[in-house]
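Two complexes follow with chain A in common, the first pairing it with chain B and the second with chain C.
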Partner chain A sequence: MQLSRIIYLYKRMYAQQLKAIMEYNKDFYILLCSAALTQVLGFIFLNVIYNQIPDINGWKFWEVSFMYAMIFLTEGIGSLFFEGTWRLSGLVNRGELDRYLLRPVPIVLQVFCTGIGVNGLGNLLIGGVIIWQSLIHSHIHWSIAKIAITLLLLVSAVIIRVSINLVGNSAAFWIRNAGNAFPLMVHSMADLAKYPVTLFNQGVRILISTVLPYAFISFYPATYIFEKSGWSGWWMLAPVVAFGSAAAAYCIFRFGLTRYESTGN
Partner chain B sequence: MRIIEARQLTKSFRQAVKEPGLKGAAKHLFAPRYIEKIAVQPLDLTVEAGETVAYLGPNGAGKSTTIKMLTGILTPSSGTISVNGINPYKKRMENAAQIGAVFGQRTQLWWDIPILESFSLLKDIYQIPEAVYKTNMNQFIELLGMSEFIHLSARKLSLGQRMRADLAASLLHNPPILYLDEPTIGLDVSVKQKIREFIKKINQEQQTTVMLTTHDLGDIEDLCKRLIIIDHGAIIYDGSLKDVKSNFARERVVFFQVASPLPALLNQLAQAPDIKLDIQGELEFSLSFDRFEYTASEIVGRVMKHGEVVDFRMEDANIEQVIKTVYDGNLDLKHSRPQEGA
Partner chain C sequence: MSVVKKYSSITNRSLQNVLAYRTSYVITFLSNFVNLLAIYFLWQGIFNGRASVGGYTWDQMRTYLLITFLANSVLSWYSETAISGKILDGSVAADLLKPIDFQSARFAETLGTSLLEGGMSTVLIGIFILFTSGVNFPHSPLVYVLFALSLLGAMLVKFGVVYLAALLCFWSTGSMGIVWARIAVTNLLSGALVPLAFFPDWLERVALLLPFQSIIHTPTVIFLEQATAWESLSLIGVQCFWGIALWIAGKCMWNWAVRQVTIHGG
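Take a look at the complex of A and B:
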């Protein structure tokens, strides 16, 4: 299927979801504010720590803020545009994937468009503001190339985040409980990447750079943008990791799908 | 032309074996045990293009599992399927584009958006040309009487309305094959009638191949020429509806209205072991008999010998009774051959 057609179908199905939530979600603003509040509190906490110490392992306040905000900015984009991954367990356990399998549209695409997480908008806005501020306060020398690479890293970060979400939630094909905790556990691991990986021991570093490559969302892009010596070049792996995560996530999802049993008989 | 072809198709599910109580649950947590539950045994199935086939069986016989494999929802455990030359689980999207499916228990429509918008979304999904879409919409709205609810969202519809909308949705792209899984479940008589007429019309006008499962035998008599009965995951009968009727629907009932009471005859008939007498009133009664044992004229003649018959009418056993006997395990359609009537 052509990419333009995929994008078109995504837009069509997404617009329908948007209409539905505008009609039924009366808690729109509550969702929006609660998500934003959580992130603002975290940010204030970070600020309090940095009032006591000038830097952590050579990382300054705004640099860590950037990493911190990248984690929940990507989470925000994930919930806003790919919230359906979080509904996968419900779709599988209630047999609602049947309906998707009957349509000539890629299943992953239909899963993505299963819902819209309005709370993502809060994360997106607060995350955007903090990233913006951290870039302003860090005296970066911008060039066309640097802007382009920063955008590439941002896109890679989103792809990595969504891929990990999809893998975590694909556990639903193996773990047949309506409320299985595996995807949430995978999701919470992202908290490790809110801080420089140098804070952690070798095991954690390897984990968040390979199996669950959250560090490529926050830490490695930060080493490029803030020009940290000692990590030069590592950021180049980010697009490769993004491609690899997406491919792995797709394969795992497809494999899980062959185990799909629907309901009843 | 063979449009649906399945060879040695099987499906088994893994089922957890849990002992009752908290202890059983704890045991399962640490040492889970599973059994393979066979839903469909090696099954061969062929459907010709343009046919209407009823796929019957008691609850849990494997009907829906078969349909789900044919539609590409489930991956078979073994065996091969070809639907119009396409393997439905390997080329799911290609297959999805050429079939329509309605599952009575569950809607295919978007829950929160108006039916009309669901349809227009389907138009884009199936890439239906504008002209085809318009013609079909006009025809479906009229035939299924949808104009009064087409602007409502699926969640606001009654079951009958929802089912009509689902049926229309499944046929918007003129699929050559239509699967219906209990399409009339829980519907009132008038909606049932509408749906049956609609399916019949589509089958006749577009030569759409229809495969349907149902527990409502009215659906079958109205729609299907061929009958496939499955039980415990295996096909136990495959043949024409007419054959089943003429070979196995043996009971025939004659209702009589007579001019004056006939106590002597009734006494005599009540003694006869293979004729069942049912007295409805002083002057009305009915006799049921095996039509391979007696002919109708024999029975009527016997009554007429005793007195004046004002009126009589005859009823044949319906397919429902035959199927019930099969489900109960009292009739093997494959092996028992009906005795020729004396």
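Take a look at the complex of A and C:
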């Protein structure tokens, strides 16, 4: 299937979901505000800590804020445009995936468009503002190459985040009970990447750089952007990791799909 | 007597419910633990090369984190979604017909899960302490008694906050937004993320006037022996005040909310 066709279908399905959520606009605002509030309070937390000390392991306030906001920003994009991954366990448990299997449209695409998380918009906005501020306050020498690489790292970060979400939620094919506990645990691992990986012991470092490569969303881009000595060149792995995790996520999802047996009622 | 029996059977049922769905329960619990790890290592980094930060030594801070984990996991996610879930899917209609008080019944339910959650987190903390050293234990047995009382008080206050937040679901169609906002506000203002002593003066003063500080701040202050026995008692008194005030607020809000209720289908 051609890319242009996929984008066209995505837009059409997304527009339908958008109509659906606008029906409940009270919820729309509550979710939007609560996501923004959560982030602002997290930011205050960092601020309170940095009021007491100048740096953590050589990392300054705005640098850690950047990492913090990257985790939230990618989460926001994930829930705003790919929220459907979180509905996968519901689809599997209620046998609603049958419907998707019958249509001549890629199943992953249909899963992605199963819902919209408005909270993503709040995360995206506040995350964007904090990232913007942290880049302004850090005295970075911008060049065209640097801007291009930063954008590349951002795109990689989003791909990695969505891939991990898809893998976590694909557990629904194996764990047959309603609820999102397993993907939520995978999701909460991202907390570890809100701070420099140098804080953690070797085991945790390896975990969030390989199996669950959250560090490539926040830490490794930060080492490039803020030019941390000792980490030069590591950012180059980020696009590779993004490609790898997308491929792995797709394979795991397809493999899970072969285990799908519809529930009848 | 029969009243006690009525509610204790609800407690028992909710305990069995947890045991029946243990997989997702254990997983949720583990993700709380991941959170603790992240925060623990963060603080370790903060204290790296510093004797004390904000009046806390690293040993005190370590103890603080473990107490926070215990106090937080005594009443967590599960009780939260259970109450709002009832309101959102309309099964609250069935509760309206029963000859029991909705609020007390939910409290009894919460108590059931809390027993298990408290037990599990105590075990987990025990394991954690085995691998780390330097956690401060108070020597006087009186502190432990006061600490246990303050944990109960914390639970009562937290239930009050959670219950009020859950009742808001009468006006919305989803619970996630309200739950997130409540968690974020509670975490910051109760001292779960950072001790209140770290706050700028004005924020600390505001936080101390709000009920949230009873949930984490009070038990930790007592356990770390930052308050004398009399001060501890008065802190527990404040907890009781908030517990009762929130309970009454919950009652009023419930009375008003049930008149707004719309239940679809049948």
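Of note:
Here is the rule we go by: the second predicted complex is superposed on the first by the 261 of 265 C-alpha atoms of A that agree within 3 Å, B and C clash if a C-alpha of one lies under 4 Å from a C-alpha of the other, contacts with A are read in each partner's own complex, and residues count from 1 in each chain.
Basically, a residue touches a chain if its C-beta (ideal position, glycine included) is under 8 Å from a C-beta of that chain, and two chains touch if they have at least 3 such contacts.
What you see is a predicted model, and the numbers here were worked out from it, not measured in a lab.
Once the two complexes are laid over each other on the shared chain, residue contacts for A:R12 go to chain B alone; chain C is not touched. Measured by the number of chain A residues touched, the leading partner among chain B and chain C is C. In the superposed model, A:I44 makes contact with chain C only, not with chain B. In the superposition on chain A, A:V105 makes contact with chain B only, not with chain C.
Looking at the shared chain after the overlay, A:E227 reaches neither chain B nor chain C.
In the superposition on chain A, A:A181 makes contact with chain C only, not with chain B. Applying the stated contact rule after C-alpha superposition, one finds that A:L199 touches chain C and leaves chain B untouched.
Once the two complexes are overlaid on chain A, the chain A residues touched by chain B in the first and by chain C in the second are 24. Against chain A, the residues of chain C that register as touching in their complex are 21, 23-25, 27-28, 30-31, 34-35, 37-38, 41-42, 44-46, 48, 50, 53-54, 171-174, 176-178, 180-181, 183-185, 187-188, 193-194, 198-200. The touching residues of chain A, when paired with chain C in their complex, are 24, 26-27, 30-35, 37-38, 41-42, 44-45, 48-49, 51-53, 56-57, 119, 175, 177, 179, 181-182, 184-185, 187-189, 191-192, 194-196, 198-201, 204.
Interface residues of chain A facing chain B in the complex, by the touch rule stated above, are 1, 8-9, 12-13, 16, 19-20, 23-24, 95-99, 101-106, 258, 260-262, 264-265. Those residues of chain B that touch chain A in the shared complex are 13, 39, 60, 62-65, 68, 71-75, 89, 92-94, 96-97, 99, 101, 103, 105-108, 110-113, 117, 121, 124-126.
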